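Order as written gives the chain letters A, B, C and D; numbering starts at 1 within each chain.
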């Protein structure tokens, strides 16, 4: 009987380990992505430049610090956006316990745009008050549009191929909600992109509001259904 | 009997996994925050600038290195402060085994200020010996005040909503101690902020002393009670 | 009987823990390497420089942004390459459950080149349109060649010394496939290096194509066998 | 009987978890330190500066790249040193399964110096061929001396207070070996520091050799005993 017990124990253990391995695979992609998010969010501050001595000697440090408000706005918006992408990324990965090559590379595409964020952020900080501000703002909102599109593609791939039955049992509502998120995301960021041709600061503030908006995960349109 | 045993084993395992998942959620926020702390603390050194050749040719490298002592002071103070924030952050999260959206976003607010630290650090390094030093020192101590306030808000949220009964059984003293910490923290940093209008270097040294002070977790006022 | 059961349980547990410890060792090297990969991939963007005001005032921001296309190409190529190295690194480590000092230091050699990637990337961004472009492109492709060679050495060491019997049972095909990968890798990158003496942009595009090529893990030459 | 079995199972589990928690504490310090090591090692490359256009137009890119050999030497030496510190740090932590406040803060002191490494590395890259090279080399070797001293202090603290009986059973030889390491480390780095007053490049090469030397963990003087 002990032999049977041991056998059962081992069987349970091995099954457990197999699931663990499968999970470990996605866990490792998630951990790598988390690292990238954490670094991208922390690197943003490098692009907030200390005002130079010549300018400070002319206008004073206080005014020089106030004049670089586009840097603070860009920093805040990019920070909030990366944090929201991180939360949603986490949300998606909490539903997966399978993986395929598509996941690796669609996730890589998303990370490509996320790690790029510090560049348009620096561009916006530097040129939001310049006569070519439109180019900087379009570039900035354009990257966010690209991120929302690649998140959408990632989610479509995940929702079609990688949701195991028992992973989503009782989570149909949650899955539908994410689908709704990603259906509206690209539309809203297209709006922000279009806005950049009307008013550059407003298009950035719109991105900030969208980040805050998406951070309150449960949509009101979710309730009536 | 074996069937019962297996059933019991599985039940135990499943319960275990459920608790694990709940913990995993906070663990992941904690891991992400740890990553941000580790990067912020390591990025500080980028703001310690190598003296330029023109200046070195005039005064010599040794003197040029001595002249940038504000960089070393700012580096040391920011390093010690981030390390202490990390320890306290860890302390708070060791008491939590629940999470909610508030935790995500209040933690995000704290990280927003922590990732920003390299900027006021660079500002202080550059302008502590300038006639506008007051602005740099107020900005620097102001960010630390903001961090102590957002830590306080985070802790209030945690202590009211996220402490499970069994997580704090026998830890009442510890919880009360953290509460005391966070009640005094903002007051003390308000002092450092006020000090920046009197003496800029002293206000920075005060921040360094506060970091060392908080690092010896157990307060003396803790004993009499 | 309970005593026997307990003994068996403990034995199983202890054996488990021993394997865990051995695995923990490689897991920690892997986690450290993952951190390095994540940081290297995120640091690339720092080398994409915001165009300066003098130049932008002359040609406009849009044209200035288009002119720095070598930065985007170099960024994309380095990003894709690091991601592929990460995937392959992960693949190798998934087969190991032993470790030795050679693994520590051959892995260190690989990381030495990987962390260096941002420098040739910046060099290429700056000099791809310069009359000395050949030097920049040879340097860039040369580093990738060095990486493919050190990956090859790492894999040879692993495949000879660190594959435990049961780790590769049923994985012979996979092991052979990796061996094939690493036999061709250095050859292909030698080709890219040679190409840099013919056409600099083409040699970089070749590196990008190689990264995409290697990312589809299963080679066609794998099928006929 | 099942009840007894369950009780036993639970007891085993709970004991396991308690040890886990104690370990988790040191694991988290270790993970944080690992993050810092990984970032410090990857940030080094930022200090390898792309030669500027004016200089390249005069001497050509190839010669400009050869001229910055101090950057490569400094990069390589700092990289190897950080990697060796990481390995030794890992070695120390593998023996600990207790922790105290001293560990937190002595570890913090070590990290303070490790995160600072990119600055003296940049200084050396910039001034190794300058007439003030001695200052740069003394600063560089001085930081490494400080690191070897703070490692020594950390190890003394650990070996006196944090080695549990069963953690070191059968590891006495290993503990003695580390003690020997740390006894000689500061002496050897004092030698490198002294050498910087004789020949700057040699003192840096000595640091590189020391890193390689320490990386072959088992000393020859270990054998005769």
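We adopt the following convention: a contact is a pair of C-beta atoms (placed from the backbone, for glycine too) under 8 Å apart; a residue touches a chain by one contact, two chains touch by 3 or more.
Being a predicted model, the structure only gives us computed values, none of them experimental.
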* For chain A and chain D, chains touching each -> B, C
* Copy pair chain B, chain D: interface residue numbering same or different (half cut) -> different
* **Approximate Å spacing (C-alpha centroids) for the pair chain C, chain D** => 24
* To do: Give, as an integer number of Å, the spacing between the C-alpha centres of chain C and chain B.
  => 34
* To do: Mind pulling the residue numbers of chain C that touch at least two other chains?
  => 5, 9, 31, 35, 39, 43, 46
* Which of line, ring, star, complete and other names the graph you get from chains that touch? -> ring
* **All pairs of touching chains, each written as two labels joined by a dash** => A-B, A-C, B-D, C-D
* So in the complex, which bits of chain B are touching chain D? -> 1, 4-5, 8-9, 12, 16, 31, 34-35, 37-39, 41-46, 48, 50, 53, 56, 60-62, 65, 75-76, 79-80, 83, 86-87, 90, 215-217
* Along chain D, where are the residues that touch chain B in the complex? -> 2, 5-6, 9-10, 13, 28, 31-32, 35-36, 39-40, 43, 46, 101, 104-105, 108, 111-112, 115-119, 122-123, 126-127, 130, 132, 135-136, 139
